[in-house]
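What follows is a group of structures, each given as structure tokens.
Consider the two complexes below, in which subunit A is the common component and subunit B and subunit C are the respective partners.
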Partner chain A sequence: MTSAVGRVGTLAVPAQRVGKLHREGRAAYLFLSPALLFFCVFLILPFLFAIVLAFSDWGGFDLGTLRWAGAANFGDVLSLDGTFVKPILVNTLLFAFGSVFLATFGSVLVAYCIDRLAFQGFWRVLYFLPVVATVVAIGNVWKMMYQPAGLINGVLNKLGVNSVGFLSDASYALPSVTVVHAWASIGGAVLILTAGLKAIPSQYYEAAEVDGAGSWHLFWSITLPLLRPALLFVLITQFIGGLQSFALIIVMTGDGGPVNATNVAAFEMYQRAFKYGAWGTASAMAMVLFVIILAITLLQLWIARRRGEETS
Partner chain B sequence: MKRRRFPWFAYLVVILGAVAMVMPFLDMVMSSFKGAGEYGVIPYQFLPSSFDLANYREAFAQLELPRLFRNSVIVTVSVTVSVLVTSAMAGYALAKLRFRGRAVIFRFILATMMLPPFLLLIPTFLIMLNWPLAGGNDLLGRGGDGGLTTSLLALILPFTVSGFGIFLMRQFMVSLPDEMLEAAKIDGANQWQIWRLIVLPQTRPVAITLGLITFIGTWNEYIWTLLISSSDPSLQTLPVGIQLLQSFLDPDRTMPIVMAGLVISTLPVLVVFLLFQKYYVRGVVLSGLK
Partner chain C sequence: MRMAKCLRLAVVLGLLATGAACGGGGSGSSDGKVELTLLSHYSDGPSKEGLDKMIQQWNNENPNVQVKAQVVKFDDLLTTMTVRQTGGRGADIVSAYGLWGGQLMKANVVAKVPDEIATKIKAEYSPAALGAVTTGDTLLGYPTELNTYVLFYNKKILAAAGISKPPATWAELADAARKTVKRDAKGNIQVEGLSLIQDGDNKSVHPFLSLLDAAGGTFLGPDGTPRFDNAEGKAALKFESELAAAKATNPSIMPTKQFRSGGVAMAIQAGWWIGSLKTQMKDKYASDVGVAAIPGPAAGSKGSLAYGFFMGVNQRSKHADEAWKFLTWMNEHKASDGKVTETGKWLADQGLIPPRTADQAEYKKSLSDPNLAPIYDAATYAMAEPNQPGAYEAKTALHNSIMGVLANGKNPDEALTQAAKAVKPQ
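So, the complex of A and B:
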């Protein structure tokens, strides 16, 4: 038995040292107290409140009138007769998938190309400008460029193409907003991928070149597989960002129009809550979106891990 | 040099992409100088006929820019300072002090980064509204009109601590040598003195990184500020004030004025970013590679 030894062990620790450790623990909690207090008030409490709200029926500001509603809100939100599942959730997924695809494809291409140029820092700063600008600036500038008298239609007209109603035509509006979101997030992705590229030892390339591998072969069989951790991070964070963002939509289309064409789940939640005061329905929407984000993130991690086991 | 294949193709891709990145900003600057008859006309003209500052003067007149600017500065500076201090404190405890529950608290702080902001938007707003003893509320948070949402504190408090900031500080402080802290302890310094006089001065590089990320993020914050200031316009910051300008003026006349306002509100961030871009870039990369 270890108990006797253990007891001797504890007794053997000088009282002074125990006191020291005790004091260190107290100091640690003092250092942590602002952060822990904050997380209680602005994270745990709202999170629990969000769950309660999603299962309750409440339209006012007095908590006394809050009533338990069970899963009724979720029934309303997920009902196929409503607008939430279609078109709003479908829009959300198209917006997120579309911008992740464009931004990832674009940033891999750009990061790979920048990596073989002079003045790399200069190029990266240019690509990073949209990341630094406020969404109000980005949204308004693009809204302006998309107008019939704007820059993009001006270029199209010069090329002999008729003007396109990028934001006013229901079939173009969502892709137009998606492109802007992708455009704004390329810079951050380029940085992370660049760090990933720099971490690939150059001997791998040299060895493959000695074996006579071409550029494409180098890219497919060395760069892409070794870039996977950075790529996975970019994919997951962009997905999470794409599924929950709606500031760009408020700025560019105002009410998610034309006729819900650019309405996304987080924006619908925002409007239900703060325009109509339907806290319960809005919170149920937030929960549904949260579960979707969690599921897609876990799925991506799971796929990445399985792939990893197959190749290694 | 290694791998010098296809450099012309690489230049083509990167330059075309860079034009797409910079062009909207150039269009913003050019449009901010366009006069009444120059904006919104077909065919599109890139260059304005003159570079006079009429739209900038108009932006000052229509927007009460000094008030918006003051609010933006107060909120941004408060949030940045507070995030730096609380991150350095919590980061120190997690990196250098031994105490019960350290692993659990560290994992909890990592987990806080996973909760998406939209999920907390509604409950946080309601909590601010029912904040006890604020804005006329009683001890139970009832009876007042607006609670904390009528004060700039509503734009500051929910951002005073950052899980990412704590994580960044902790990662940096783990690498500080223990001998230095031990030596100070033997000299009779208490934990607060060790943190304040020995640890804090060494965190400069990571503090600049965290400070910049927080500064730029807070300066550009939109949704929460829009929400809080919707009932009290005196709380508007630059992005919100400029966005709302459009709702009550004719678009063809307003857009150049809005663009002037956006140039003014983007400049501080741009200057700060260009001066310290090395640190900002490092922060983004650190967040990606853990």
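So, the complex of A and C:
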């Protein structure tokens, strides 16, 4: 029945209309072609080339020296004897999870407070400033504050605590950089979350208050559930950013040190390709990171869908 | 069907665009003149002035072959080379750190040195300089900078600790480091006994390799296999580990910043440091700074590491003959005094050892600073820094292991085993 209706429907479309649709389709593709060309040249082709490189041995510069290596690069990268899985991949995940947790918790708190304050625009601008500043500026300012004679150690010394090697001690270096990344990410998240908060109808709060709900109850039962779409967006973008980030680490620790303590996957890829000329290994690392980012993003979307969120 | 056509068109256009980006950079011109580009890190100060002066002279004397210098900072040199070469815009003449030589050779960046030029270079340059710019049997180009490692010490700090002459064995070195270290009530180091780390890319590895050489060991074999994971290597790292445990050395102290103000008693450093110390310490340099050979475990043994730079010709250069002619002229023509080459003078004026044996001998006859003598001597016995493919990665692996020992108190034997595992011969 359905197919019959479909056939009848198709036959029922006048020839003039079909021609118009085709013309519209051609025009649409014509308008889309610059964007498609851009994606092909700068995204799809490099991505395909990276896949080829991941299975090759190539020192850069000359395509004539490219040799098929099979899965050897992946064997090297995923070997437990190497440094990629531990500590680099572990650092990457700790850095991403840590900064997302801190940034999300902090931004929800800040956005919720701002929503209840006067001069909201001023507060939003204030928290958004780190997003506008360059990573180099942020990294250098925090690097100075973390120095043995810097501001933070100065405060600790006043409190009778000995100086901490925030960036020189392997135990503190990764958390120290993670905190800075989280701090720098809060502004963007606050902007999205405050927009999410504004979209929550005030009648829900009024009705709940009439029923005697307290502040905590209002937040837990109304704000947080209705903020979920904005939170999901923040979580996904922050995770992807965290897993790909390395500029802040270069600025603050120079080489992912001390002793690989702050080395992350994106930085290691850069080092392997541009410093050591090991493009095959670097591309294999890129593929591994791509799969991890894809898996985490899909997991987040799946969890959100199970909770009934609209994610499309 | 149309969609498939569109996609095919997009891919073809993409490939054309990529091809255009990767096209070779023309260095010729329609009037028959040749323009050669020279990419180096000689970006400021006397290094840039000296090179520019030589290029200017060549350009005046050779109007049909003009050389144009392109300079970047050292930290950007390898990346610039990589990006430009991959994009088909590599310079005709490249100046590179010897350590990168193996990977540049493997990737077909540097051209083979013509036989007659190679024969001359092998006959006229010091073994340390040649070793630092030779991968396997392949010479990569004309050796330029050459640096060796020595022991710098603060005469006054050593004298105050009752030490009248520089240490000549590891036992004396450790004893001097322990006697000179000073800490405040909270345990913070005010004067470091012996610095085993420095600023820059080389970090902890060059001092370690100098001690390893003094103990009779080597870093990598000719095929790139690790050779440091043996008795000599373990002894050298154990020596460093014990100094770290005694807090006579500390990786958070940078000698390049703290030596000048008396914050470091001794440091294993490269010869180029002399120039910086003279500028920074002024009158105090002559009275306070002493230089000696890096001692080995037993009396009479000494060791050092030599690293170098080279200037080679790009394999993709369309004017390789002209490039070699320029390099030969640059490295062979004499300075105005007629005794040393202009390149030798250019390097010596910067406080570097001229790699050409005749220049070295000429300068050694009349060294203005007694501290330069051990630096020049080291060029005769120093271990040349290995530079086969994978050497850069091996060096980083070793650095991480050494830092694990110095900063985190890791067992030196285990650290060396782990570093050896990370070395992948190519």
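One rule holds for everything that comes next: the second predicted complex is superposed on the first by the 274 of 312 C-alpha atoms of A that agree within 3 Å, B and C clash if a C-alpha of one lies under 4 Å from a C-alpha of the other, contacts with A are read in each partner's own complex, and residues count from 1 in each chain.
We adopt the following convention: a residue touches a chain if its C-beta (ideal position, glycine included) is under 8 Å from a C-beta of that chain, and two chains touch if they have at least 3 such contacts.
These numbers come from a predicted model, not from an experiment.
Overlay on subunit A: subunit B and subunit C clash in the combined arrangement.
Of the two partner chains, subunit C is the only one touched by A:Gly257; subunit B is not. Touch criterion not met for A:Arg67: it reaches neither subunit B nor subunit C. Contact with both subunit B and subunit C is seen for A:Tyr29 once the two complexes are overlaid on the shared chain. Counting residues of subunit A touched by each partner, subunit B versus subunit C, the larger count belongs to B.
Of the two partner chains placed by superposition, only subunit C is touched by A:Ala170; subunit B is not.
Using the contact criterion defined above for the overlaid structures, shared-chain residue A:Gly82 touches subunit C, although it does not reach subunit B.
Of the two partner chains, both subunit B and subunit C are touched by A:Phe274. In this superposition on chain A, the options for subunit C are 44-52, 80-88 or 386-394, and subunit B clashes with just 80-88.
Shared contact residues on subunit A (touching subunit B in one structure, subunit C in the other): 25, 29, 36, 41, 45, 61-62, 148, 163, 274.
Residues of subunit C touching subunit A in their complex: 2-3, 6-7, 10-11, 13-15, 17-18, 78-79, 82, 85-86, 90, 103-104, 106-109, 186, 188, 251-252, 315, 389-390, 392-393, 396-397, 400, 403-404, 407-408, 421-422, 424.
Across the complex, subunit A is touched by residues 2-7, 9-11, 13-14, 17-18, 20-25, 27-28, 31, 39-44, 46, 86-87, 89-90, 92-94, 97-100, 102, 105, 108-109, 112, 115-127, 129-130, 142, 157-158, 160-161, 163, 166, 190-192, 195, 216, 219-220, 222-223, 226-227, 230, 238-240, 242-243, 246, 255, 258-259, 262, 265-266, 269-270, 273-274, 277, 280-281, 284-285, 288-289 of subunit B. Interface residues of subunit A facing subunit B in the complex, by the touch rule stated above, are 21, 24-25, 27-29, 31-32, 34-36, 38-39, 41-43, 45-47, 49-50, 53, 61-63, 106, 109-110, 112-114, 116-117, 123-138, 140-142, 144-145, 147-151, 153-155, 157-158, 163, 183, 186-188, 191-192, 194-196, 202, 205-206, 209, 215, 218, 230, 233-234, 237, 240, 244, 246-247, 250-251, 266, 269-270, 273-274, 279, 282-283, 286-287, 289-290, 293. Interface of subunit A with subunit C (complex): residues 25-26, 29, 33, 36-37, 40-41, 44-45, 59-62, 64-65, 76, 81-83, 148, 162-163, 165, 168-170, 257-260, 271-272, 274-278.
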